[in-house]
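For reference, chains read A, B, C and D in written order, and residue numbers begin at 1 within each chain.
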Amino acid sequence: MSELTEGLGLTRDAMAQRVAVDIRDGAYVNLGIGIPELVAKYVPEGREVIYHTENGLLGMGPSPEEGQGDPELINAGKRQVTANLGAAFFHHADSFAMIRGGHLDLCVLGALQVAANGDLANWSTGAPDAIPAVGGAMDLVAGVKTIYVITQHCTKNGDPKLVETCSYPLTGLAVVDRVFTDLAVIDITDSGFQLVELSPGVSFDYVQERTGAPLIPIGETPSSGGTER
Amino acid sequence: MSELTEGLGLTRDAMAQRVAVDIRDGAYVNLGIGIPELVAKYVPEGREVIYHTENGLLGMGPSPEEGQGDPELINAGKRQVTANLGAAFFHHADSFAMIRGGHLDLCVLGALQVAANGDLANWSTGAPDAIPAVGGAMDLVAGVKTIYVITQHCTKNGDPKLVETCSYPLTGLAVVDRVFTDLAVIDITDSGFQLVELSPGVSFDYVQERTGAPLIPIGETPSSGGTER
Amino acid sequence: MIDKRIASVDEAVANVFDGATVMVGGFGEAGSPIELLHALIDQGATGLTVVNNNTGSGEVGLAALIKAGRVAKMICSYPRTTNSTVFPELYRSGRVELELVPQGTLAERIRAGGAGIPAFYTQTAVGTPLEEGQERRSFNGRDYLLATGLTADFALIKGRAADPHGNLVYNKTARNFAPLMAMAARTTVVQVAEIVALGELDAEVVVTPGIFVERVVAVANPQHESVLVASGVSYP
Amino acid sequence: MIDKRIASVDEAVANVFDGATVMVGGFGEAGSPIELLHALIDQGATGLTVVNNNTGSGEVGLAALIKAGRVAKMICSYPRTTNSTVFPELYRSGRVELELVPQGTLAERIRAGGAGIPAFYTQTAVGTPLEEGQERRSFNGRDYLLATGLTADFALIKGRAADPHGNLVYNKTARNFAPLMAMAARTTVVQVAEIVALGELDAEVVVTPGIFVERVVAVANPQHESVLVASGVSYP
């Protein structure tokens, strides 16, 4: 990655930290497996966030101390976690009632591709020999009020992950609200990708070159019908 | 009533006692409001029956001792009850999942009319000024495995309650399995009302005269298509 | 920090607006949030659609709200109860609308609303007058009716204890519709006998997780409808 | 009298028949009824359709059942896990069928099956490859898919404690699918660490009422999948 972005751009931890800035006090949040899990570490002091894990826990806490874990207290990634004060356990139907019923404020997920209209592909590359596995991703993107994506701006091969139209199988249609990458923060708007913020030292052109669809510059709001999209 | 049946027929308590004979050990049972409630008193020694009340209790016990009740521990008739050892409280969706999902073995209900095909009318006389009120009756008859009806054989005016076709609004279509009246025990079969048992001193003709559809005599099984129905 | 405690019942229902849909917990008097209902009467919101299994009794609580003319429509399964005279009178004179729903279908419609399920099929009421206006469809040779999810602007419910995050436990059969209504309402207001410190409710025994609850208000010694009715109380 | 206690895991699964649909509790290793699964392998039933969120890991428990060739079809949301090699291999060689269902839809389909709901609508998977073969319908301007209820011949689940009536409580996130599967199966078999006397489980905290449970068997010190896998155990 460092080759591709020539040393520019945020580290995974810095990306997670940037996401955490946008999580409001009192939010009910589901964090996907992988980079999204890092976000919990960086929620600013003074904000209380309640974490939901779809396998039946609200009020999920950090990993247990060595030797203090319970193999039956795990998160959706099947790693051992703890339960905070004020936590509650429940069964899967109740857990997904929270998700499908729009009770969670925010979900932070990884992505294979995000399209300019907010379509998300994050569960399958469609490879013919792949074992299909979707888990709760389709439920989360369809049900949670706000969907944030945290991802490297490009694949390991340098291909853009922010694209005009996803080529991989979709997880959900027009579901993503905001994308946090190593290079930029980008909102999904009716007019497409709206640049919100550039990472330190990164230029508009630099990001545009690595993005598969037009970026609307920071602060510009396209007049209706004024963009290519 | 005693005028109409000329002193013949079972009392309400004797009817309830007769129903109780047919409740098997280990059954999960919902008893409707009124005469059905009496059934619990008569379950034979040595049989354990678990009572469900649709407002959220499995393992319902008898009325509390004077002054020991809790206004928030009531049955579907809104009377104070108790909870037996091994009881469980749950919310209304779970309670009706038990009903709709076919988990209850037996429901005993009152009736305005029962038709020869098992149609039941027990929630409304259809009077134009009546306030319609159905409660859980339609859910119970549609969901519980076996439906027993306990009722006087005739109305206060002497009209039959067992009829060819219900004239009152239906509670459910072809749902009743067995009817216990002051005069007889009658099964609903594909061929119509099948007499199972006569109350002491009651003759077949006596019951048939007071029944609005043909009765198949005890022990006779009509050959296919052999009856009027 | 998350603290859903509200100082008074009046404050807890202050933003109920005219025309709102309000789910009210309780089956008979068990679980009826009398104090929240009286605060709602004082508050004055009108033209309400109210969802409850019944229509209250006597002239307190839900019956008093109906008597005060604040309820335009009731959605319930059994509007007739002992000591229930207020609703029948207004209904006969055409001053309140009624949507009659079988009890189990009502419960499931509320759960569906809370669970993001727009509609489901049930065998209840097939072939009865309550089938009217509903879609019938066959699955595996049996007929079912389509029932739609119910949601609400507010739920007023009663619990036994809550913590500041809004986690709830109930008392016996007072639980009934409350956990479902908490899921289905945008704003769920709970009166509880006791507010306990965070961590005092065991995570294994919480019935309604706090995510479904917006406001918690302590009413230490809640009144019982049957006692009020027996004493001839008429609110206000 | 009602006593659902069974003396051994072997007896508890004795009547599982070839071709049966078996729901197996657990999300990853949390709630996985390892001892019941091993008893089922010993028992020999084959051609099973198994419902579980995953496909097990290593060569113990559910993965061992699959490896033994007893599973004709898996219905699950995530058949790929760390240390999960058995299913992928059999799947690629066409020896096991897969019905992939989004996790929340899977959970709700099981609950629906248990609650007598033949079908419901959900927004999950609209516009994705998993929409294939499903009916799409619009409610209030939004599109949803029809999902059908799932039932089973047997459920094999794991609880923390039970009483002789089959009332159950669970341990933390081992609860997951178990209460739903108990509802949806004709015969629900539960292994619990402890069977307590009637009345020892508070009626307010029972999670699965005994009506949903047919057999309870005590397994005092249940094995953990991750420990077995780490030790390289392969069952039988």
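One rule holds for everything that comes next: a contact is a pair of C-beta atoms (placed from the backbone, for glycine too) under 8 Å apart; a residue touches a chain by one contact, two chains touch by 3 or more.
None of the values given here were measured: they were computed from a predicted structure.
Path length between chain A and chain B in the chain contact graph, taken as the least number of steps between touching chains: 2. Counting C-beta pairs in contact across B-D and across A-D gives the higher total for A-D.
Taking each chain's centre as the mean of its C-alpha atoms, chain B lies 37 Å from chain D.
Between chain B and chain C, the centres computed from C-alpha atoms are 30 Å apart.
Shared interface positions of chain C, i.e. residues touching 2 or more other chains, are given as 108, 111, 115-117, 122-123, 170, 172, 203-204. Counting only residues that touch two or more partner chains, chain A has 57, 83, 89-90, 93, 96, 99-100, 143. Chains touching one another, given as pairs, are A-C, A-D, B-C, B-D, C-D.
Chain contact summary for the complex, chain C toward chain B: residues 27-31, 53, 77-82, 87-88, 91-92, 98, 100, 102-105, 107-108, 110-111, 122-130, 170-180, 207, 224-227.
By the touch criterion stated above, chain C contacts chain A in their complex at residues 1-2, 111, 113-117, 163-165, 167, 183, 198-199, 201, 203-204, 206, 209-212.
Contact residues on chain A toward chain D in their complex (touch as defined above): 53-57, 70-74, 78, 83, 89-93, 95-96, 99-100, 124, 129, 131-139, 142-143, 169-173. The touching residues of chain C, when paired with chain D in their complex, are 108, 112, 115-123, 139-140, 142, 144, 148, 169-170, 172, 203-205. Those residues of chain B whose C-beta lies close enough to touch chain D in the complex are 25-26, 28, 46, 48, 50, 52, 57-59, 83, 85-90, 93-94, 96-104, 143.
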